[in-house]
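Paired with subunit B in one complex and with subunit C in the other, subunit A is shared by the two complexes that follow.
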Partner chain A sequence: MGFKEYVGKRTLQGFVTILLAITLNFILFRIMPGDPTRAVSGDPRVDTATRLALIAKFGLDRPLFEQFVLYFYNLLRGEMGISFVQIGRPVVSIILGRKMVNTLVLMGSSMFLAFILGIAVGVVAAWRRGTKTDVSFVLLSLATYSMPVFWFGMLLLMLLSYHLHLVPIAGTITAGVAHPNFLAYAADYLHHLIAPMMTLAVSFFGGYFLFMRDTILDVFTEDYMLTARAKGLSDRKILFKHAMRNALLPMVSLMGVHVTFLISGATLTETVFSWDGLGRLIYDSVRNNDYPVLQGIFLIMAVLVVIASISADIANAYLDPRIKEAA
Partner chain B sequence: MQLKKISSLTIALLIAITFAVNLISFPASGQVIAPLSDKEELSFEMWTLDWDTISVDAGDVIEQMLRQIGIRMKAIPLSDEVLYDNLDLEHDYEVYEMSGGYDPYPSHITPRFHSSEIMDYGSNDWAYDNPEIDALLDQANRELDFETRTEILWEIQDIIAEDFPYIPLFTSDDVHAIRKEWTGYVCMPGGIFNWYNRLTTINLQHEDMEYGADFVMAYPSYIRYYNPIMGTDGRSALVVSMVYDDLVAYDADMNLTPWLAKDWTVSSDGLTITFYLVEDAMWHDDVPLTSEDVKFTIDFYKEQDVPYDVPLMSRIDFVETDGDYTVIVHMAEPYAWAVNDFEDVPIMPKHIWEDKAWDWAVHPDMMPIGSGPFKWDSYLDGEWIKLVANEDFWMEGYPHLGSFTVRVISESSARYLAISTGEVHSERYELDTGFIDMAAEDPNLAPLEDTWCVGMWDYYIAFNQRYEPALQDPVVKKAIAYAIDKQQLVDIARLGYGTVTDTYIPSAFFGPAYENPDATTYEYNVFLANQMLDAAGYLDIDADGIREMPAPAPDSDGDGIPDTLDACPQVPGLPEYGGCPGEVETIEELEDLIDALSATVSETQTMVTELEGEMETMKAQLNSSLNMSYGLGAVALIVAIIAIYFGMRK
Partner chain C sequence: MVQSSEVAEGSLMEERLSITARRLRGFLSLYRRSWIGMLGLLFILAFIAMALIAPYVAPYDPRALVGLPFRKPSAEFPLGTDQVGRDIYSQLIWGSRVSLMVGLLASFFGVAIGTLIGLVSGYYKGPLDAVLMRITDLFITVPNLPLMLILAAIIGRSMWNIIFVIGFLGWTSTARMVRSQTLSIKERPYVEAARSVGARDRQILWRHILPNVFPLVFANAIVGIVDAILAESGLSFLGLGDPTKPSWGLILRYANEAGALATGRWWFIIPPGLCIMLVAIGFAFSSYSLDQILNPRLRERR
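For the complex of A and B:
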């Protein structure tokens, strides 16, 4: 099979996956218990007449199959509907906006930090395998890895905001302030970013660290490490030139898998720190049965994941002829 | 290959599920016939709301209390999805215990007890059906004289306290965490911050700064609507009430007070209500507010069939203006709560809303224009809203604050921390029960006694009147009422910050005018409760601690009428002849026949009308099915693509 055919096949596969995702999306939220009509009316004290009118307005009194068909029809026309909870707001504008940027910044920065830290500490620990340094880092990482992230977030909030007054308690920006210029805005934003970023970085760190340490230990058993030693290279050179480079490859593919987090966000952390991102949007929408928003988020996520994995496959195939032949 | 088979199977399964769910979701037409209960003992499931600690804790305590009278009331916390689905649509719960919620005047009475609300999504979810109550409610809603109306309401409450579709327990009171340097807030039933508490809004001030202080309030989530008509949920409504004015407002005792209308009169027949407006009110964009705006607002609701404030708007015939500052509302029928309901209608600027639809998604960049004490200043969607004082507010010397900022802090502990550090000054809702002890000792907060107001959330235990004979029996429910120590519930579930409610319109909330000294109430008395159940034949025969249902009354002739009510217990007979066979006169028979015939005629007429209605519905369906066909085509295409794809893979 040639390269072009391979690309065509993967694209078709991706297309079918997205169609399945759309169907699943629709069904999943509707077999969940919970009546979206309550999301529409919101307040339990709302008059029955008001409720019935809102239910009819959103077409929620129609049979499910009809709703599904209309959903598909609207998607084809590029419409994702309007939020049940924030009535009048198109789903697209809710998702693709400030919330997405907030999540990208938070997840990107914390994953990057955890990644760098994980690699650095992982290499050190692997090199000093069995020593006190290694054992204490492994213990620490196991602890942070298994720690509930919202609990750690609350502790950090207690310490940094409540006792030390170092960081603000909530939000992405100081409320009610008009910033004179972009720099002041960015500084304020970063100030708010510190605590949630630290929380997430600590929670990601354990995984990256353990993975890095294991990979390096694996690499150490390879023959070429023996060769390097036999050549009389310095420890430093062996570690950084040979071991680390090879160990980074699996780390990078792990990072690729984690790219989805960039969009899905960290629901709990975003809630604890009132970080207005997509993770919190998912949380709020699940709680309120805001189907249109949920469908929108998951659809965008599915599409992004499919596109990312197809591009990765195609790039790999382009670089590595073995994959083409295997397919 | 295996994998492909599995995925094709999954698709088939998914499609099958779609259809199955669809089939199930079709409501069965007509009323479901009640299954005969096969309950042998007084053992029920009582549902509570799992996220509401007050509901859950009170439920557990009630379960313990009712053990003393031999009733097993198993408290089961459920998520609101499951619980509300049942109340709204399935209607087959047995008992539940949670809160309803009051409006500033007793508007809850009619929907909760009128039989017209026994429907899907109706408020009478316990299906309490009593024609006498229906008539009294209709009468009360038409009665203009406050005292006569209150007496009717007392009568209603006394009847309901005999039948007991639900037993009122307590209100969870509003205790607020607010930093001690703030003063001027007004305690009103419903809390120091509430959308109808306009006194707090205009009076709130810093102790060192009578005017111009900046107040920051924490919200658990962002407001739902910028649109003043739809902003009726607690979070949006507070912001709406600061930006927009209503005609009237409430004082601290829940009496109506003038607001945008400095005075009003109601004609003796109740058909004409005249509002006299304040003369110096301006919209935030400096256009004067006149009677035309008020007329426009009411016409707007009526012309567009706005689904809010329906009870009021549907009873208004038309509105006219007399000069710039007098509005005359002509009612189609007398309505007792008309002026109260106007408290809920935001007066909207005609020059902005003239060509808009009621559900216009007001874009916040357009700065919602109202006439209220605060003006829209700036916002960040999802995070904060800043309102600034309206310098030209028509009420001299108000508001005191310079600005009012709403800030979203999602997590309750984070909100509390933010108040403790002073980053925010208070929060929208009352303290969670878990923070009360901490707040009581916090030196930075105002003493809780100062912020303690009767709450709007009324907790009750409700009995489904549809199926279980034992739950329809007033004796069982009265015994339950006697066996519940409501004060203890308050002490445990709300740490004492609650108010016991014995009547359906508690005067603690709705004002002393509703106090009825002769109201039917049930003092805590376990002994009496046990005696009542014994006397009614609910005995614990198998000695397992739970009372059994009473043995059915003897019926020797098997005609379905118990011997005690049967005039002829030996011969099977008809109920209308007291259980005797009865002799029917020929003329009476003929009369019956005529009655039956005329009934058939009128039935036929109804059927014709119904058929005409159905024709209309079918036409509408035809239209919508045209739309459907496009969508169906799309789905078919997609299914085809998937099918072809999997077909080609072989």
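For the complex of A and C:
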């Protein structure tokens, strides 16, 4: 199978997964207690005119199958309904905006940090396997993996904010401050980002590290490593040119799958640090029974994850011709 | 005729048992040599003991209002009291029960689903496999914690529901691993041989394939326990755990609600988190050692 066919196959699979996710999303929110139909027809937070408009648009008085078709049709037009809580605000504008940017910044930066650290330390540990350095890093990473992420966030807050007054307590920017220019704004934002980013990065580090270490150890057993050694290449060259390159491939595909874990961690971290992102929005929406918003976030996240995992797989196949052959 | 076959059956059974016993002994002697694994086991046993003797060592009923709110640690209340005057230390001790129960049962539930799906998918292949794998993809794709939050909100906040929700969303990695293992095992000569003497699919799956994927399933179950314990604590912290049972995540929720961070009440925050971490470390260390022993490829490498 060629590269193009592989890309085609993965894209098709991803498409099917997204369709399934949409279906699941539809079903899930119809079986909620106070499902959208009832919520719309009886929720005192929604006024009569809006209610009638919603019922017409989503066909909430029609049979379930028609509702599903209409739901699908509305989705294609980028229509996800309105929030029950922030009355009248379309779900799309709540999700695709500042909150999404905040979450992407937090997730992206912490993932990047954990990734780099995991690779660097993983290579060192694998190279010195069995030594004290290796064992202590393994133990440390198992310990960080076992730590509840929200608790670590609380500890950081206690130490860095309340004790040392180094970082702000909550939010993404200092409330009530007019920033003179973009640079001041960015500095303030980054200052707020430090603690939640550290929290998430530490919680991801363990997984990346262990995976990288394992993969490198696997690569060491490959024949081409023996060849490299036999050629008389230096340790450094063997490690970075041969071992690390080959170990990076599985790491890339791991990242694709890992996005769902990121989202779970981000939800908890954003709640602890009052970070104004999608994770916190999930928490607030669950508490306020804001189903349309939840449904919207769900779908966006599922699509993001599918795209991430497909891109990771395709990048992998592009970099490693063996996958193309096997696929 | 009947007798001889019974004898054969009996000796076969004996032989199988002795093989199992020998394997188990070999495994235990390997495991005992790993100090990380033994340390993990020690942690686990300590928390199991804590859960078992909770009624005898906890000074108070964890839900009873036994003192004034926000008392500092003292001889009377070793870790102080929470915002309504419940003893934090007693809640901490009772919390081990929820954590272990949810961890063990949710992981067992998830791994059982995963094993079943993996076996069926790998053994029968074809359209059934395709359908099952798309469903697996879907479950890998949906963000776990948010879905758990919603499911917990739908079916209600009880411990059994939490176990169900975590298990229901935690089977995907087992399913994938078991499937790929099954794919390779079913091509082995002894499976072929079993089939040629007329063994049925169910027999082959149950007797020849399952025992061979079992080590993998077992290792997965241990990792699953860590994940389930952490998930339970997260759900409880977000207010979707069982409100009637004291759990470590719930204590941390109370601490957060009561502003324990701002007021520097570390005794309200550090112990419950540490307990979650230590019990999770116990299982994580054990799983690490298991992985080294059960994965022969890893063993050779050393």
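What we mean here is this: the second predicted complex is superposed on the first by the 227 of 327 C-alpha atoms of A that agree within 3 Å, B and C clash if a C-alpha of one lies under 4 Å from a C-alpha of the other, contacts with A are read in each partner's own complex, and residues count from 1 in each chain.
As a convention for this text, contacts are C-beta pairs under 8 Å (C-beta built on N, C-alpha and C of every residue); 3 or more make two chains touch, one makes a residue touch a chain.
Small disclaimer: the values here were computed from a predicted structure and weren't measured.
Visitor: In the superposed arrangement, does A:R30 touch subunit B (first), subunit C (second), both or neither?
Guide: After superposition on chain A, A:R30 lies in contact with subunit B alone.
Visitor: Quick check on the superposed pair: does A:L226 touch subunit B, subunit C, both, or neither? Answer first, second, both or neither.
Guide: The answer is neither, since A:L226 touches no partner chain.
Visitor: Taking the superposition as given, does A:F65 touch the first partner, subunit B, the second, subunit C, both, or neither?
Guide: In the superposition, A:F65 touches subunit B alone.
Visitor: Tell me the contact category for A:L12 with respect to subunit B and subunit C: first, second, both or neither.
Guide: Touch status of A:L12: first partner only.
Visitor: Where does A:L190 make contact in the superposed view: on subunit B (first), on subunit C (second), on both, or on neither?
Guide: A:L190: touches no partner chain.
Visitor: Who does A:L249 touch here: subunit B (first), subunit C (second), both, or neither?
Guide: After superposing on A, A:L249 lies clear of both subunit B and subunit C.
Visitor: Tell me the contact category for A:I116 with respect to subunit B and subunit C: first, second, both or neither.
Guide: A:I116: touches no partner chain.
Visitor: So, does A:L20 touch the first partner subunit B, the second partner subunit C, both, or neither?
Guide: Touch status of A:L20: both partners.
Visitor: Looking at A:Y162, would you say it contacts subunit B, subunit C, both, or neither? Reply first, second, both or neither.
Guide: In the superposed model, A:Y162 contacts both subunit B and subunit C.
Visitor: Which parts of subunit A are touched by subunit B and by subunit C alike?
Guide: Overlap of subunit B and subunit C footprints on subunit A: residues 16, 20, 24, 31-33, 154, 157-158, 162, 169, 271-272, 289.
Visitor: Given the complex with subunit B, which residues does subunit A contribute to the contact?
Guide: Residue positions touching the partner: 12, 15-16, 19-20, 23-24, 27, 30-35, 37-38, 42-55, 57, 63-66, 68-70, 72-73, 76, 85-89, 97-99, 154, 157-158, 161-162, 165, 168-173, 175-176, 178, 271-274, 276, 280, 284, 289.
Visitor: For subunit A, which residues are in contact with subunit C within the complex?
Guide: 13, 16-17, 20-21, 24, 28, 31-33, 129-130, 135, 138-139, 142-143, 145-152, 154-155, 157-158, 162-163, 169, 214, 217-218, 220-221, 257, 260-261, 263-264, 267-268, 271-272, 282-283, 286-287, 289, 294, 297-298, 301-302, 305-306, 309
Visitor: Inside the complex, what are the residues of subunit B that reach subunit A?
Guide: Answer in residue numbers: 11, 14, 17-19, 21-22, 25-26, 79-82, 84-85, 88-89, 100-103, 108, 111, 117, 119, 121-123, 214, 216, 218, 221-222, 224-225, 227, 230, 232-234, 305, 307-308, 310-311, 359-361, 377-378, 380-384, 386, 403, 405, 407-411, 413-414, 417-418, 420-421, 423, 624, 627-628, 630-632, 634-635, 638, 641-642, 645.
Visitor: Give every residue of subunit C touching subunit A within the complex, in rising order.
Guide: 36, 134-135, 137-138, 140-147, 149-150, 153-154, 226, 230, 233-234, 237-240, 249, 252, 255-256, 261-262, 264, 266, 269-270, 272-273, 276-278, 280-281, 283-285, 288, 297-298, 300-302
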